[in-house]
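In the part that follows, the structures are each spelled out as structure tokens.
Okay, so chain A shows up in both of these, paired with chain B first and chain C after.
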Partner chain A sequence: MSSILNKLIAVVGEDYASNRQEELFTYSKDLGTAPPQWPEYVVAPKTDKEIQKIVLLANEEKVPIVPLGGGMTLAGLALPLKGGIIIDLKRLDKIIEVNPESRYMVVEAGISNGKVTAHLHNHYPRLMHSEPGAPPAATIGGNLAIHGQGDLAHPYGFNSDMVNGMEVILPTGEMIQLGSCAVGSGWYSMQPLPDLKFFSGWNGTTGIITKVSLKLFPNKKFRDNDLFVVENEELVPEILYELTHLGMTEDLISSSAAIPPLMNKLHHISINIAGDYEEEIEFKRHMVFDVALSKFIRSGTGGIGNLAGEWPRPQVSKSSDWKKGGGFEYVGAIIPVSLYPECYRQGARISEQHDIPYTILGRVIGCSHAMMFSWSYAFNRADEETVKHARQALHETDDLVMNLNGTIWKPAVYGQRLMMDRMNKNTLELMGKIKTLLDPNGIMNPGNWEVNR
Partner chain B sequence: MTLSEYKYNDIIHRCFRCGYCKFPTDWDDVTNCPSYARYRMESFSSGGRLWLIRAWVNGDIQWSEHLTKIIYSCTSCKNCVEKCPHTFSDDLVNMVVAAKTELIKIGKIPKPVKDFLENTQLYGNPYGISAKKRADWMEDLDIPAYNGHDYLYYVGCDGSFDPRAQKAARATARLLMSAGVSFGILGTDEISDGNEVDMLGEDGLLEYLAQKNIQKFSKLGVKNIITLSPHSYNVFKNKYPDFGGQYQVYHYTQILAGLIKNGKLKVPDTSGISITFHDPCFLGRWNKEYDAPRKIIQSFKGMTFNEMARNRKGALCCGGGAGNFYTDFLGGSDESPARIRIREAVDTRADVLAVACPNCLMMLEDAAASEGSEIIVKDISEIFFPE
Partner chain C sequence: MYTLKFHEDMCAACETHDCLVKCQHMNIDLDTAKIQMENIIKNRDSFVLHDCVTCYACEEYCPNGNHPFYLIVTRQEEHKLFPLPDPIITRGIQVGIPFRGDPDITEMSGPVLNMGVFSSLTRRVKSRLFEGLPIMSEDPRKMFHYFCQLMYLHYGKTSVINDRLEKTIQTIAAHKATEIIHFHDECYGTYTSYASAFGIDVPFKSIHLFEYLYNRLLELKDEIKPLNYTVAYQRPCSSRLSSDKHAYVSKIFDLIGVTEGKRKYVDENAMCCGSTIFSQKKEGSRKYCDNIQKLNIDDMKNANAQICVFNCPACMETIGKAVGKAGIMPLFMSDLCRLAIGEKIK
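On to the complex of A and B.
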């Protein structure tokens, strides 16, 4: 048995460290199109102290470490591109504190979004967090590491804007705190200093997020999912402008897809409304459809697709089976809402070229300040040719995002290079300096965001 | 090696590994897959296991003892089937069982599984105990051999041989007798029902056992069967028809609930006692029977009943299914599913953790002892007879 494995076992116990082919195989795979990248070890620590020991060991041995949350990025961001140790963080799943009056909760970062949702539902039904548009197994820490966004993105922005504090283990093993918790004042605010932005959105290349204070929001008693449907994609930005001006909705998503047929070439704008009283819901629905959207209804350019539907829990993985093939990957981009029509058209074109049913979706972030737009490409995991097509479509879409002056969100390595090639050189240099300062041995998720290449 | 005969070659690649299968119905935690709860490595999750099976079938990874442990650590609890959002979800457990079948075909199975199957073939039970002792569970009860009675009371291997499960078998028999139910048993002629053999992938042995049992039942004219174990209930009800055995099958809780409703069974006074209930997978998720055990418990005088956080179709398996009560791939840790389940039961502040399955009874009582918990694990039938 290797000495590194023995040392890992000494830290976490025999059941939670492995270099067997089964664990290495499993963790070599991403759910998307990325080719397998084999780690040398997999370890699943339970505490931040154990993580610190693993990080110190990795520095001693000069072995790469790759933190892994739910493993849902689809972009291979937690694959060990240069081998090393995968640190599966999902055993760090405690709920440490819920402060209902100040509307925050402190959790260990490996906790799943599903567990957070269930805990709040069962114990604090008037509170909610923003659940990302991902399966519930996605972790809180993983979502922060990619700047995720979820079902309260319209009123409150990115999930990384909904954080009151963080605890992070640096690539050199020290533990730091960010926000009010760093001065011993509790976990109620991220601002002012020490509000450092070196960890959210850095894809686990600068440190391992171990604790998070999540902002909580009012969870209204009644929820309503309505659909507004238009055929002309050019109308979507205007509709979203009207709805964000109204400011009465909790989530706004426009989507279109070749499958199922009722969505083909139509744009379904999902409008989530919430209220504590039936009258409140009724009033908001009236304001949405009879006031904000009335001109589209009266002109016959838009119609109500559904009223008072249930808020569906995201089942995004269903896209993986469009080709009965168990796979899909998407390019996500942060774009101005005005680019929606062009993004839709170009996405449908790329999909058609690769014989993939098109699936696009745009979620409003903030008051139409931006949109997370995604192009999903399904593939058949058992048919390498379809995987190649999906991979090529993804690359073409990355190029498209750059050409449209968008910003690729959680890009895979190909997209990261496009982004870095376009990036302000001084900014890139600063990122490099930060990484070198934090990670002198270059052990943190190397191969991803190689700003010093 | 490529296993071209693997039955699910055409769909196993469709698992996306999205992880819905780890959750219970209310999303309470990612630990509702018992083997994932125990090991917390993706390789032991439902999706990870399917990806590994596919890799093995396609020759991308080689057979290993660890691979067989991963495959056999699946308890067939069907939580994954319940939660998977995909159209092929009904086949998730079948895909694992088919992989076990392939392992048996090449003769490379873990020793405890081999022992289980050999014992069942040679002795008619996994414990390797002589069939002559099969009726010892009765002790001083005077139960007739089945001879045209209304019901055959099929006790099963656990109730026949395990000292703890024997008590439940006796309690159930006493209740049936006290209610005047016309029933008989097979005694030393009883053999394994084959449910676990099926879940371990030994379809040939299942066929052998089913045919032997069906021959016996036909000879005796059995039409109605009461089972102590939900495992027996499942295989008689859902598998035996494939071999020509059509019976009206009841789990004993279904019979007791009816007897109570009709006033034929005196309910116990459980004043001051708080009870919680653990759903057996082969009664609940496999056969959608969640109400009968609860109706019995809720009929008890003065009882307080509190559900565990994970219940009904969201219940966490005790970890004993698919032969794991014997092979014990999920034991040896405070994260063993049975121990997690005991802690959940304790969280309800219950005095008694009621079960309706001899398998769960054995697993959870052992777990309570390991936890040092004072909670009393009892089969529902035993609660009728306060000590």
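On to the complex of A and C.
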């Protein structure tokens, strides 16, 4: 048995460290088009102390470490591009504190969003957190590491804007705290201390997030998912502007897809309305449909597709079925809302070129301040030709985002390079300095954000 | 291209013009009705074409069986006076496009149950009521091959029905069943009323679900235990196309021992569920729809209904939840009949 494995076992116990092929196999893949990348070890610590020991060991041995949450990015961001140790954080799943009056909860970062939702549902039904647009198995820490966004993105922004504090283990093994918790004042605010947020958007290359204080929000008793449909994509930004001006909705998503046919060349704007009373819901519905969107209805250019029905929220993962074989990956980009029409048209064109039914989605972030726009490409895992087409479509879409002056969200390595090539040179240099400062041995998820390549 | 067989002379000679005078959604006196029907017949503009909410009821009100509703929606299309916004029409038209392979055509002898586009409700017919009946359109992936298309009356799009219906009929006919019981009475109305009004040939015999249920309950009469509920019946728009079968509602209720509460919105004066009214272009449509749903449900409550009996899945989808919130149990007629013969309903 290797000495590194023995040392890992000494830290976490033999049930939670392995170099067996069948276990490494599981960690060598994610659900997207990236080819397998094999780690040499996998370890699943239970505490932050164990993580610190593993990080110190990796520094001693000069072995790469890759922190892993739910492994849901699809972009290969938690694949060990240069081998080494995968640190599976899913055992760090404790709920440490819920403070209902100040509306926050402190959790270990490996906890899944599903577990957080269930806990709040069962014990604090008037509170909710923002579940990202990902399966419930996605972890809180993983989502922050990629600047995720989800429910409540319209009123409150990115998930990384919904954080009151963090605890992070640096690549050199020290534990730091950010926010009010750093001065022992509790976990209620990220401000007003000097900003040291070097961990969101870095894909786990600057540290391992171990604890998070999540902002919680009012969970209203009734929640409606209504639907507004337009044919002309040029109207979507205007409609979203009207709705964000109104400020009565919780989530705004516009989507379109070639399959099922009812969505083809139509834009379905999913409008979430919440209220504690039916009168509140009805008032909001009145303001949305009879006031803000009335002109579109009367002119016949937009219409109510569904009210308070069973219409599910957009689930792009369903597109994985269109090529059989269950595969899909998407490019996400943060764009101005005004780019929605062009992103849709270009996405449909790329899809058509690769014989993939198009699937696009745009989620409003903030008050129409930005939008997360995604282009999904289905492929058949058992058919390499379709995988190749999807991969090529993804690359073309990365290029498209750059050409449209968008910003690729959670980019895979190809997209990271495009962004770094475009980046302000001084900014890029600062990124490099920060990485070198924090991770002098270059052990943190190497291959990602390779500023100094 | 199929065209509506409408008897203009018969309409001109009509003394009542019940089609418009009885309309629940427009306030029209006899003189106005005469003028407006003439306008519609002569293919001139009429406020009726703008204001019709497409509830189908005039098709039943007409004392001459002369298809005023089919004429109105045909004219709406000719004048491009579509009641719904364009994207909702496009979406509705696209809903009916089959996209998951061809149907599996197996030959079926004897009477057959056609689920139409409600394959997801097949579990509800796993009952002794339907014992021995082969089921057509059981696979939700293929169900749009069995779509009767009549929904497009609400869209003012008879052209879509006329383009597609023949293919659906061919698909159903390919199963070689001679008698078809339609789970949804919109299908029944399509093959017995619409098709004949437009001269579309239907090579099979259609049986109304309620007629089938009544006869089947007679066969199982010894097993029926009176349910002793007070019920309200939510009459669907498409039942206006088969009003000769409406009597089976009361006959079934008598047989299974339920009583219809005294209602304002009943029989000819039944109120539609509003499933497409809420999204119509006309200003105030959403609130109007809300209002008629409220009137309808309040009427059920005033009738002390314990159960609201549905025929149409779309009505169930549209107001089933609100009915439940009002303390009235929403149930399909077939489920109510199952309860009467001692079956449990999940």
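A few comments on the model shown:
The working rule: the second predicted complex is superposed on the first by the 443 of 453 C-alpha atoms of A that agree within 3 Å, B and C clash if a C-alpha of one lies under 4 Å from a C-alpha of the other, contacts with A are read in each partner's own complex, and residues count from 1 in each chain.
Everything that follows uses one rule, which is that a residue touches a chain if its C-beta (ideal position, glycine included) is under 8 Å from a C-beta of that chain, and two chains touch if they have at least 3 such contacts.
Note that this is a predicted model, so its numbers are computed, not measured.
With chain A as the common reference, the superposed partners chain B and chain C fit together side by side. Of the two partner chains placed by superposition, only chain C is touched by A:Leu266; chain B is not. By the touch criterion defined above, A:Glu22 lies against chain B but remains apart from chain C after alignment on the C-alpha atoms of chain A.
For chain A, the partner touching the most residues, choosing from chain B and chain C, is B.
Look at A:Arg91: by the touch rule set out above, it reaches chain B but stays clear of chain C.
Draw one line from the C-alpha centre of chain A to that of chain B and another to that of chain C; the angle between them is 70°, to the nearest 10.
In the superposition on chain A, A:Arg381 makes contact with chain B only, not with chain C. Of the two partner chains, chain B is the only one that A:Thr117 touches; chain C does not reach it. Legend: residue contacts after superposition of the two complexes on their common chain; A:Gly71 is shown touching chain B, with no touch to chain C. Closest CA pair between chain B and chain C after superposition: 11 Å apart.
Put simply, chain C touches chain A in their complex at residues 82, 84-88, 90-92, 94-95, 97, 99, 278-279, 281, 283-287, 290, 317, 321.
Those residues of chain B lying in contact with chain A across their complex are 11, 13-20, 22-23, 26-30, 39-43, 48, 51-52, 55, 60-62, 64, 66-67, 70, 85-88, 309, 333. Contact residues of chain A toward chain B in the complex are 15-16, 18, 20-23, 25-27, 29, 31, 42, 44, 70-72, 88, 90-91, 93, 112, 114-115, 117-119, 121-122, 135-137, 315-318, 320-321, 324-328, 380-382. Residues 229-231, 259-266, 282, 285-286, 289-290, 294, 296-298, 300-305, 307-310 of chain A touch chain C in their complex.
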